[in-house]
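Have a look at the structure below, then the notes.
Naming follows writing order (A, B and C), and every chain is counted from residue 1.
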Amino acid sequence: MAENKAIEFSSDTLAVAKKIIARYPEGKHKSALIPILHLAQTEFDGWLSVEAMDYVASVLNIKPIEVYEVVTFYSMFNTKPVGKCLLEVCQTSSCWLRGSDEIINHIKKKLNIEVGETTADGMFTLKTVECLGSCGTAPMLQCGGDFHENLTTEKLDSLLEKMKIKNERSTYLKSLNLSS
Amino acid sequence: MAKVTIDGIEIEVPDGTTILNAARQIGGKIVPPAMCYYTSLKDTGGKCRVCLVKVSQGSAKDPRPMPKLVASCRTPVADGMVVQNITSPDVLEARKGVVEFLLLNHPIDCPICDQAGECDLQDLTYEHGTEVTRTEFERRTFDKIDIGDKIKLHMTRCIMCYRCVYVADQLTPERVHGVLNRGDHSEISTYIEKAVDNDFSGNMIDVCPVGALTDRTFRFKSRVWFTKPMDAHRNCSKCCGKVVLWMKGDDILRVTGRKDHYGEVREFICNECRFEHKNTADWVIGGPRHINRHSVISQNHYEKVDLQKLRKEIDRQIVFQKGKQLPETSTSHS
Amino acid sequence: MGKKLLLEHINEPGIQSFEVYRKKGGYASVEKALKTMKPDDVTEEVKRSGLRGRGGAGFPTGMKWSFIDKKSGKPRYLVCNADESEPGTFKDRYLMEHIPHILIEGMITSSYALGANTSYIYIRGEYMYVAQILERAIDEAYANGFLGDHILGTDYSLNLYVHVGAGAYICGEETALLESLEGKRGNPRLKPPFPAVAGLYSCPTVVNNVETIAAVVPIVNLGGDEYAKIGVGRSTGTKLISASGHINKPGVYEIELGLPVEEFIFSEEYCGGVWKERRLKAVVAGGSSVPILPAGLILTTAKGEPRLMTYESLADGGFVTGTMLGSGGFIVMDETTNIVQNLFTFTRFYRHESCGQCSPCREGTAWMEKILHRLLQGKGKKTDIDILVNAAKNIEGNTICPLGDAAAWPVAAAIRHFRKEFEEIAESTTEGKKLEIATH
């Protein structure tokens, strides 16, 4: 987490937020809440602090509780800081049938963390998730906007290595480009 | 107008009336219970599922039965509709199931709960539940919090009826609490510790069907059945000023809105009336309030007993129970 | 080879782009509809086609469209349900990722039929990269005059937007989806009113699955009658099947409805048989919520007829010996599969995804998951099995939305067909049999 970073969108992001709001009829700006929360999570280090949520409330001119209610409902929003790479391993039927347990255990052992924990260097957080719609390429994990599919422990080793070398925060949103 | 038959009893009600309200107009045992619906709060209902009934004929025009049990509190009647509540074994079975679900995580801490004696969940369990519990799992718990200096939120007891959220939405200028998280982790909370502080927040206590929201000024002062409810009023610039004083001797232990036969307040009261006026001199006292419900509080016989009326009621019950004698004690009153 | 109507050009290099898609005949349905047909004519063709909702419920699409309130004077909306989250289902992702323009094209033609001038594609947040593919495709469609004001010089105008969710299976339920699209928690609404009368922003709205909307493209191009010739009986057209689990060739296959299940599992054209030369044990044929069937019953009905990939054939025998086509999420399990543990992953899923609004689902899904977890830890009791059956029964039909049923059916079916496995686990209390399960 960057120190003393002001909780405020950059002018570019704010412009995108305004563009998103314009997608909904007048007076229905609350519709933009989830897309704008994605912008906020991308901009504010991968999680949504109370300050970040209150800021989003102010951007949309809605009450903070309306933001808290939504953020805590959806599983992609993090209300606590997470590692740079949030490893979201699918564990539902099709993935389980093809070895997701092995993938989860391998990550636990290799990174020495339990599900829900972050490595000491702040690089990785392990999370188990429910079906990500990648059943034909199971087992799989999602990290930011990337699906890593047909995983084996070998593939996993090289993937984690690459992530370490890259040392960048992975985000769901990769670009702010929106259609007109 | 629409003619509807509920458990064999026909009634004519205005179009748009819900099955539940039609049943309430008939009254008596055929009225489905309701834990989340609240007449004076818009959009409530449909969530707890204890009011499920069977629609065995949709309407005169389309007599097909509805494929599933429906929430009577949110389903409007249609002309010629035939509804089964206590005459349907399916309904009773489903209701028993719902009660069991509601109790899976309820702490059953009635002996230390201020709501005991006037708790809708106690009544519901007594009337529709089973005697034994089948769950052996640890119950879900939350920390108790004070939301403001007058209200205690004991989330562990909550059954997620959402009524308090509607109170905040519909009676107060800004809602600061709501439903957070999802599924069986859902909870009523302010997220950040924040006081729910406005003139009408106290109504959250009155609408809560269980002991999740209780009056801190009344906390542990007395069991409700040891208090005497008295109708009273005062001139109030913020609300109707019509309340019930819950008294012990000359002391006012708490003040609430006036609940009707179904436990609902029709005229909400302000926090000043509720919390700030605990002297009898502040009130014009009307007289004892009759609590006509199955709760323990209605067993508190401070009212002058009309022996004739009582005799009649007992005779009626004896007939109803087909010869089953009521225990001797229920006829003796102090 | 069966007919391919949606995936015909899947292997065409560059089919993701407007240019190649157009060259391959893309956007013809828009031209045909806007220039030669009235909106109601399009609806009529969809009715004649016999198309049924491809999201799982199988409701006739043309009929759903005809319910939309055209007299209210309010704006009408078409919302595409791209919240694909039913375990075992990934066909919509595949289609949107590889041929995004077929969805855009279907949205334009369908919006025209419904008289919608603003439409949304609600896509699950986890498919963010797919959302960005759709954003680009929409951009291209605007640039080429297929979106925006006066499309192809006609009076018809349409704005189309992508809206991303943020992780909630329940938003695949159409009224929860609308709540989410309005910026709220995904709590399903109480019905009535139905979306056709009061949907998005209380306006008349139709919500359709991705594949349903894409299928409108060949229906308009071929004509409804021609489309209806494909398939068997009331199961017309082609269907995308997501095949996963213990098979040699997992993936998305477009089949003509009516294909024998046996051929689908064992032929080289489709699943390529059970992996590792093992025997088939069970199949969940239509996504996690439909009843699991043991090998014998999935290949042939109780009457001894070959089971076909149709709505009717899969449902033959009701829930006693049949199942459902559902979303077409086809999960295959080999002989080594622990049915109880597979069920546990489903039940954990439903517990995780219950919105928590109504009591039977909120409490019941969690209870079933806890009981199954305890069983798998070797701490269960034989009575647990009956409690599971009873809890499932008390959830089924008693909730606000179908998630309750979806959570109850797999439990009831797994015990119905594999009770012995539950009993064996209930009887085993040895540490050696203790299974390590991640619960979250």
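One rule holds in what follows: a residue touches a chain if its C-beta (ideal position, glycine included) is under 8 Å from a C-beta of that chain, and two chains touch if they have at least 3 such contacts.
In this text, all values refer to a predicted model and were calculated from it rather than measured experimentally.
Trainee: Measuring between Cα centroids, what's the chain most distant from chain C?
Mentor: Checked the centroid distances; the maximum from chain C is B.
Trainee: Which of the chain pairs holds the record for C-beta pairs in contact?
Mentor: A-C
Trainee: How far is the middle of chain A from the middle of chain C, if each middle is the mean of its Cα atoms, in Å?
Mentor: Each chain's C-alpha centroid was found; their separation is 25 Å.
Trainee: Hey, how far is the Cα centre of chain A from the one of chain B, in Å?
Mentor: For chain A versus chain B, the centre distance works out to 42 Å.
Trainee: So, what's the distance in Å between the C-alpha centres of chain C and chain B?
Mentor: Each chain's C-alpha centroid was found; their separation is 40 Å.
Trainee: Going through chain C residue by residue, note those that touch at least 2 other chains and give them in order.
Mentor: Residues 168, 185, 352-353, 355 of chain C each touch two or more of the other chains.
Trainee: Chain A: which residues touch two or more other chains?
Mentor: As it turns out, chain A has residues touching two or more other chains at 66, 69, 73.
Trainee: Which residue numbers or ranges of chain B touch two or more of the other chains?
Mentor: Where chain B meets two or more other chains at a single residue, that happens at 179, 181-182.
Trainee: Under the stated contact criterion, what part of chain A meets chain B in this complex?
Mentor: 50, 63-66, 68-69, 72-73
Trainee: Flag every residue of chain C that touches chain B in the complex, lowest number first.
Mentor: It is residues 168, 185, 190, 351-360, 362-367, 370, 387, 390-391, 393-395, 397-400 of chain C that touch chain B.
Trainee: Where on chain B is chain C touching in the complex?
Mentor: 45-50, 52, 68-69, 71, 74, 93-94, 97-98, 100-102, 104-105, 134-135, 137, 159-160, 179, 181-186
Trainee: What residues on chain B touch chain A, complex-wise?
Mentor: So the residues of chain B touching chain A come out as 174-182, 190-192.
Trainee: Touching residues of chain C toward chain A in the complex: what are they?
Mentor: Touching chain A from chain C are residues 75, 84-90, 92-94, 118, 124-129, 132, 135-136, 138-139, 142, 161-169, 180-186, 201, 242-246, 250-252, 284, 288, 329, 331, 333, 337, 341-342, 345-346, 348-349, 352-353, 355, 436, 438, 440.
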